[in-house]
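Chain nomenclature is as follows: A, B, C and D, assigned in order of appearance, with residue numbering initiated at 1 for each chain independently.
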Amino acid sequence: MRLNIRAELDYYFAEAADVLLALEVAPMADQRIVEDLLVVDGANGPLLPVPGEESIGRRTWLEAEGRFLATYTATVEVERATDPIAGLPAASRRALPALVVPYLWPSRYCEADRFAAFVAREFPGLEGGDLVLAMAAWIGEHVDYRPGTSDGTTTAADTFISRQGVCRDFAHLLTAFARAGGLPARAVSAYGLGVDPPDFHAVVEVWLADGWRLVDATGQSQADGLGRICVGRDATDISFMTIFGQAQLNQQTVTVTRG
Amino acid sequence: MRLNIRAELDYYFAEAADVLLALEVAPMADQRIVEDLLVVDGANGPLLPVPGEESIGRRTWLEAEGRFLATYTATVEVERATDPIAGLPAASRRALPALVVPYLWPSRYCEADRFAAFVAREFPGLEGGDLVLAMAAWIGEHVDYRPGTSDGTTTAADTFISRQGVCRDFAHLLTAFARAGGLPARAVSAYGLGVDPPDFHAVVEVWLADGWRLVDATGQSQADGLGRICVGRDATDISFMTIFGQAQLNQQTVTVTRG
Amino acid sequence: MRLNIRAELDYYFAEAADVLLALEVAPMADQRIVEDLLVVDGANGPLLPVPGEESIGRRTWLEAEGRFLATYTATVEVERATDPIAGLPAASRRALPALVVPYLWPSRYCEADRFAAFVAREFPGLEGGDLVLAMAAWIGEHVDYRPGTSDGTTTAADTFISRQGVCRDFAHLLTAFARAGGLPARAVSAYGLGVDPPDFHAVVEVWLADGWRLVDATGQSQADGLGRICVGRDATDISFMTIFGQAQLNQQTVTVTRG
Amino acid sequence: MRLNIRAELDYYFAEAADVLLALEVAPMADQRIVEDLLVVDGANGPLLPVPGEESIGRRTWLEAEGRFLATYTATVEVERATDPIAGLPAASRRALPALVVPYLWPSRYCEADRFAAFVAREFPGLEGGDLVLAMAAWIGEHVDYRPGTSDGTTTAADTFISRQGVCRDFAHLLTAFARAGGLPARAVSAYGLGVDPPDFHAVVEVWLADGWRLVDATGQSQADGLGRICVGRDATDISFMTIFGQAQLNQQTVTVTRG
């Protein structure tokens, strides 16, 4: 599937601040960049690219001051199998690649350690892909998608209690559940076709059999309608814009259409 | 300085469980392994080595069942400058190597995001190495080293309130402070000469100027008396033994002497 | 029903410490004290009685030092309707007695404010006694009674995540749920017939129609097999022994039999 | 000192909701109501007064719907000694009046139990009024008064970490410290002369010698410039308006002038 992507950020920085942007779709085997362009207005000095977590994708350091405009446009050809994960086995933990091991651990926003007993008692007898599907279904049934009910400090434990949140919170909860169930899971930022309201999206990848499988805990997007940007342990690693200072948001839009 | 290291773990597993050991000193430019040996009794099947975080050091997967004994002995030649970090500048954030960037973020046990205001008001005008030294001194003055007052769920925020803990907690607090102050910081497991009571040790590395600098927030060990095992975001990454199941501790000893 | 109650506390205080005991069954309309006796060995100076929360029951201040033994024996005639609470209406909030109003609020261990969305989405359309029964049933289905999995710092939010605990935790969770659903609820310490393993017990009273109704979230005891000691907002108010200092537990036994 | 007080609340309720107002100055020995008047527009049905916590002051239940206006005006004669609390002894814990005992405990927003070690190590050798003054001075030195940095879910532990907040947070922190130090402390809502920006104010009362002593942890008001409204364990008990539902704030003003 071909995706046309456009993201526009319009901010104001009263004082100069370091900014780390992660807007660009990552070139990967299952998503080919046909063309893309990042244009930044309002940066002091050069844009400094740096690879993302696990060398996936690219982030850009810059210093912003005053009016700041960043526009990213891309055409991406996604060729990703949408095979169901039902029936896929869990990988042997002891044979995990080194880069996958840390995704077994709890992280700042995914307190997997606290969910061990819940996962054991709520999903008995399930393994691998079936377990992940049951976890995602549980989240769909028990958590409401409600913009404005969470913020940048909300953790999986908070969402588990409040039972409401946005894509970030859904992704954190599924990530925490999967890790608590012994499955490596990572957070993924993406442009997603069908996300409503349109915005940067957060989904999950769970390591099953011998590879990462995409799961959207919100159910809004399909695996072949996602252009991945970055991966990481949770929202801290995959934020589309990390600001080391203060900024004022003027406007921000994301549009994803089928090409 | 030459260190003679010996660690013995004696556990009992009523049921088979996956175990990830991280006991071996990492071969690194500033710590040369003269000889070392890991002997494990009570594992089902082979020991499966896997590189540690950032490809530093080695961890070992195995399946344990019944009586489990692991003994690690090593002779390590540490040749590490103990230059004071006072006066060292902070690195430019925008020029950090890709692998260093994630150490700016908060993590499960180091909620750096919550300490930003504290760090700004408590350490005004300080930068780089001076800032780190002031943070370590603050911890030394305000936190008591008291075995038994914390556990595996204790976070930097908990320790900041309770004002007591062990090396793990001291390391978490300094890591959280440093990140809150804009400095990359990582947790390091190590064998440390002078640690009292003798045990696995946890220290901190802060990225200053153009490299990682060792800081022991507890003040128990010196930079040239440390044999590093693993690095990572916090205790989750550097645990000497991660058990996916239940085990009973019979006995555990660590000794580090000057060779 | 007639209950024979015996509680024995055996502690050691290396240094003198203030202690507040709450061991005595409260004389109330539905539980008549036939006879009771509190004997304390190891107190410096007099025992100083003080009424409990809402003037219900009696607590005793003392200073303990060295070996400390407290024995409480009682025979209590419980004449309490065990009418089902199904169908009972909620009281009008605006007509609540002044002493009942504070039981609408969250408290240290019952973060009712965090459960509002959960309660609204999990128990739609239910009110009053039916709502309380549904909440108690939910707890019975989703939380395991497992001694040793919680401690004195565990809150309702913790238990909601961990899904395990003891009577204290069950009571906190039901109390938090009820308050989140707009119903006044208080924690009650009691001697309960049938509690297994035998120990001090914690149950809940919910204000329905025009009075407090006993509910045991653990399902271990029946309303007519409970001798209430104290009431309060949560465990902090109803602890059987609050120690302002350090003590070592030697032994503690509670027995409740049918007279 | 004579205080002229005026509070105006202007809210909008899209749907009918129960509201508990606590706006009226409490008649007490040290603050005499010369005249006062509460006028409410937009309530369905009658206003239902109910005594406040400990029978101090008066709260008012009502059902609000649509535009809601409440205006409270009062002239109050405050005759309160402003004797310094320095040198005042702590009361004997074992002789505390029954109503004072619960103010030793932690509460929802004042996790006193977590501050025991901090208080012991930070304020060694201090007792009674001297201890309270040292605690208030510590807060003044270490916490910034910054509107907008906290909200209704912020606890004393949060403020201890973030080092910023408003009167509610300062009061919670002092309350938690005092209780951790063994001194009964309660939260008090009040109209305060000199509060800047003008708003409902929250202060603390600590039980010293044989009575409650007012302390403003923010230092903005003096004991003789305070008209107390309600007392309680923390913000939950003393909120000027508790809404059981949703409302939109249009405007709210508080003015206190010297008469």
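Everything below uses one rule, namely that contacts are C-beta pairs under 8 Å (C-beta built on N, C-alpha and C of every residue); 3 or more make two chains touch, one makes a residue touch a chain.
According to UniProt, the chain labels map to these proteins: A, B, C, D = Transglutaminase family protein.
Since we're looking at a predicted model, the values are computed, not measured.
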Path length in steps (a step moves to a chain that is touched) from subunit A to subunit C: 1
Whole-Å separation of chain centres (CA-atom averages), subunit A against subunit D: 43
Where subunit C and subunit D are represented by their mean Cα positions, the distance between them in whole Å: 29
Interface hub residues of subunit C, defined as touching at least two other chains: none
Arrangement of touching chains [line / ring / star / complete / other]: ring
Listing of all chain pairs that touch each other, if any do: A-B, A-C, B-D, C-D
Contact set on subunit C toward subunit D in their complex: 18, 20, 48, 50-53, 55, 59, 61-63, 93-98, 101-102, 105-108, 111, 113, 153, 182, 232-233, 236-237, 244
Residues of subunit D that touch subunit B when the two form their complex: 114-115, 117-118, 121-122, 142, 144, 149, 157, 160-164
